[in-house]
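Each remark here refers to the structure printed beneath this line.
Lettered A, B and C in written order, each chain numbered from 1.
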Amino acid sequence: MSKTNRGNFFEDFAVGQVIRHATPRTITVGDVSLYSALYGTRFAVQSADSFAQDIGYPRAPVDDLLVFHVVFGKTVPDISLNAVANLGYAGGRFLAPVYPGDTLTAVSEVIGLRENSNGQSGVVYVRSTGFNQDGVEVLDYVRWVMVRKADTSLPAPDPVIPTLPAALAPDTLGGAVPILDTDAWRTDLSGSSARFADYQVGERIDHVDGMTVEEAEHMIATRLYQNTAKVHFNQFTEGQGRFGRRLIYGGHVISIARALSFNGLANAFHVAAINGGRHVAPLFAGLTVHAFSEVLDAQELPGREDVGALRLRTVATKDRPTADFPYKSGDDYDPSVILDLDYWALIPR
Amino acid sequence: MSKTNRGNFFEDFAVGQVIRHATPRTITVGDVSLYSALYGTRFAVQSADSFAQDIGYPRAPVDDLLVFHVVFGKTVPDISLNAVANLGYAGGRFLAPVYPGDTLTAVSEVIGLRENSNGQSGVVYVRSTGFNQDGVEVLDYVRWVMVRKADTSLPAPDPVIPTLPAALAPDTLGGAVPILDTDAWRTDLSGSSARFADYQVGERIDHVDGMTVEEAEHMIATRLYQNTAKVHFNQFTEGQGRFGRRLIYGGHVISIARALSFNGLANAFHVAAINGGRHVAPLFAGLTVHAFSEVLDAQELPGREDVGALRLRTVATKDRPTADFPYKSGDDYDPSVILDLDYWALIPR
Amino acid sequence: MSKTNRGNFFEDFAVGQVIRHATPRTITVGDVSLYSALYGTRFAVQSADSFAQDIGYPRAPVDDLLVFHVVFGKTVPDISLNAVANLGYAGGRFLAPVYPGDTLTAVSEVIGLRENSNGQSGVVYVRSTGFNQDGVEVLDYVRWVMVRKADTSLPAPDPVIPTLPAALAPDTLGGAVPILDTDAWRTDLSGSSARFADYQVGERIDHVDGMTVEEAEHMIATRLYQNTAKVHFNQFTEGQGRFGRRLIYGGHVISIARALSFNGLANAFHVAAINGGRHVAPLFAGLTVHAFSEVLDAQELPGREDVGALRLRTVATKDRPTADFPYKSGDDYDPSVILDLDYWALIPR
């Protein structure tokens, strides 16, 4: 029996396989403080118990993306330790609120496999689900990663490619948010008077500010999530690799972009779903992240008068301010773009 | 309606104007741990519930300067986003203790305005007040900043320059400290046997130790305070600016100097008031901070037998040990000096 | 009276002397989060309240090494401020569990002294004990350090060299661990199915992963422990010193090695004793730590059916993967080795 985890290779996965991941993790106010200090988030609901309680939460919920990163981190040793690339996300839903003191675990099911034509690697599709200590689902999402084969002589499995939604439907949103008393939502405290009706489909918002990333910061963050992907931590081996340096966890970029988006989306307090996401290019320490958002859609939630949903594309760049909204030329991304994220955010009506 | 906060410019301020700042913030033991880890503070009252309880606190209070930074951070988006320089502080009073779990909000009133003769900018004086979740004032202080005009064609306002105290009076101190049982103050645990009577006016104390600052540290700290001033975070733009690099938040220097001052002032457990403060020169990452203090005054507190007040000038330098107390030659500061802080600290009698 | 702590010199110590150290410290979930983020630990017992409760703990205990570092940090201002070198550890026992909310204090007794033949310095042996707020001993250990003499004209004391155990006996282990229901130990959640009986004496395990250390990280860690040793923090003086840079606290290396050891020792959840430890060479920021372990012994615990003890040698290196187990050639360590640690870990049977 090998006691060291070598991770799974492409041939180790089978469609329908269910993997319960190690290590359960109790989220505490300590994690919340670190998350705040690493990204500088300012959304009032997550920042202040009093604000959250005034509108109907029992206390300030844990930031949605902190929940995402912790669940994601658990999947790494089993799913992506031998990954060549993290290709995309889809169908991510935040299903129940998480509060300090809750303990998260994660399970993944393999829902698709497709070997690459070179026979060296293949794409693995997994649906990962996060649970709290009561067995309640708090989050699920699909991601697909390209994983190396260890034994390239093995035959390719029958390809199975799951059908993934382009976007979550509005009636699937909001499970993580209690019915809110939005009359009690104080816009002086939240930082903006712009509510649901103030945003127009097609509107683009430059988030203005930029954030430079240091090696210590992204490693502290990624360890906080118990994400063990080697490329983030080991300069000795990465220094000899393709980029010559450590790669920053893509989720770190998502959280930076989300924190920057406060300036323009201060009341869009909750990430309700991740429709799709792509890490277009890697980020390295010393570079500065800027971001802009485009409103792709705006929908009421069936049966809810308190909040509406904005479908947003948030685009992050490196060393490139975003006042002119750099994105794509035809099918090609602007060379500055590092993140293209499509998600639903909830905002008071 | 612009959804992005462009900050206020000089012409946006009017004397008497009251601004309630976003984002309320619940202070937790997570914030306390981060503060401890960022500065290495060792004052026993703030470090240990048991020590605090033995002398009469319900539990360890939150470090005074963490409270200051959180309140200060809230004011930045409204007061100093377009600041050229943070010119000074005065009249700062710590009015009530803050404990983990308390939520802080902040309000500022504009109390003075004076346009500069060049018509490009002006000085804005604000009194900022921090409140807890029960509406109790925990802190107030005056600061004045030089803020750019956006429209230089606008006429100058009538100048109003507030009268500010050179120092707080002893009878205004101590509101944040319950009556203490100083017989229970164990000097072996606090790290020094020197109490109020052991300090002499005019005495100078070199705090000996030095602390080098890294980019990751000051950014983590400044984000913890939700302070959004761009100069601290964006190497891309700052690299093209006056200094070619990120400026360290002045409050970070205050906290380093205060932590260093433990070595010599171990029992001076509480910052009761900030009489005045000046960031004499900027600090950049990679430089090392040293500090010394001079006892400017020593006063009993009317009606209190438990603690006395030391008025201290703490001077911090960069890359310059302070054994010979570098300060001023005539009106000019020694080129190593970065901070000149005048405050009252309480210490057991 | 000097108000500044100059630390003790060799001639200030006497065998039998007892020193109660400043500053008591309440350990919180904030400290636990920071510890997790600094090292990326993944042992399930310390990570999740639910996992800990399922097997019989009241909640997740604080990581043993966090307890060690906090107790160690308290001893620095009195024991090793004028140390030339930290020579070794022995006889370290973890005696009672520590939970968030507990407050730690520390006391040291001088148990040995031996002046060096050059008359410039000497070795001081101390037994340091950590207590919780109820006066319960949570940890004790012996360390010996080489400390400078301030007055080299003073005569040498009679040498006293304590007898130290090569290893703790199995019947002294386990005091910090309640009787566990190891049927409830879920190996899917803990990350490995390997239990006590699966490890063989003589077996060596490469922990595969590497971790690069940044200046900000080791300073944040060392300040979290309120360890004030100057060599870790002051680039201005260290830049002029022997190495030209800051030295990383040896305990930081121990915690990195322990975190890396999860990959191969995932169920060895508790450090029960430190038989001996040596910081073979210094570590500096920018270097990458790898580690391997060798099973030196495996013992049942008298009267306990739940857990067994593995005696482990964990060796850490800098910028050198450990797949071929670099250790010693004769009496000489491989030049890559920085840590040689001999300890007992408990693991479910």
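Here, a residue touches a chain if its C-beta (ideal position, glycine included) is under 8 Å from a C-beta of that chain, and two chains touch if they have at least 3 such contacts.
Just so we're on the same page, UniProt names per chain: A, B, C = MaoC family dehydratase.
Given the structure is predicted, the values throughout are model-derived calculations rather than measurements.
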When chain B (MaoC family dehydratase) is superposed on chain C (MaoC family dehydratase) by its C-alpha atoms, the rotation angle in degrees, nearest 5: 120
Equivalent interface positions on chain A (MaoC family dehydratase) and chain C (MaoC family dehydratase), same or different at half: different
Whole-Å separation of chain centres (CA-atom averages), chain A (MaoC family dehydratase) against chain C (MaoC family dehydratase): 36
Multi-chain contact sites of chain B (MaoC family dehydratase), meaning residues that touch two or more partners: 28-31, 33-34, 214-217, 220
Contact set on chain B (MaoC family dehydratase) toward chain A (MaoC family dehydratase) in their complex: 1, 3-5, 20, 22-26, 28-31, 33-34, 77, 101, 103, 105, 133, 214-217, 219-224, 226, 228, 230, 233-237, 246
Residues of chain A (MaoC family dehydratase) touching chain B (MaoC family dehydratase) in the complex: 28-34, 36-40, 42-44, 47-51, 60, 188-194, 198-199, 205-212, 214-217, 220, 263-266, 286-288, 290, 319, 321
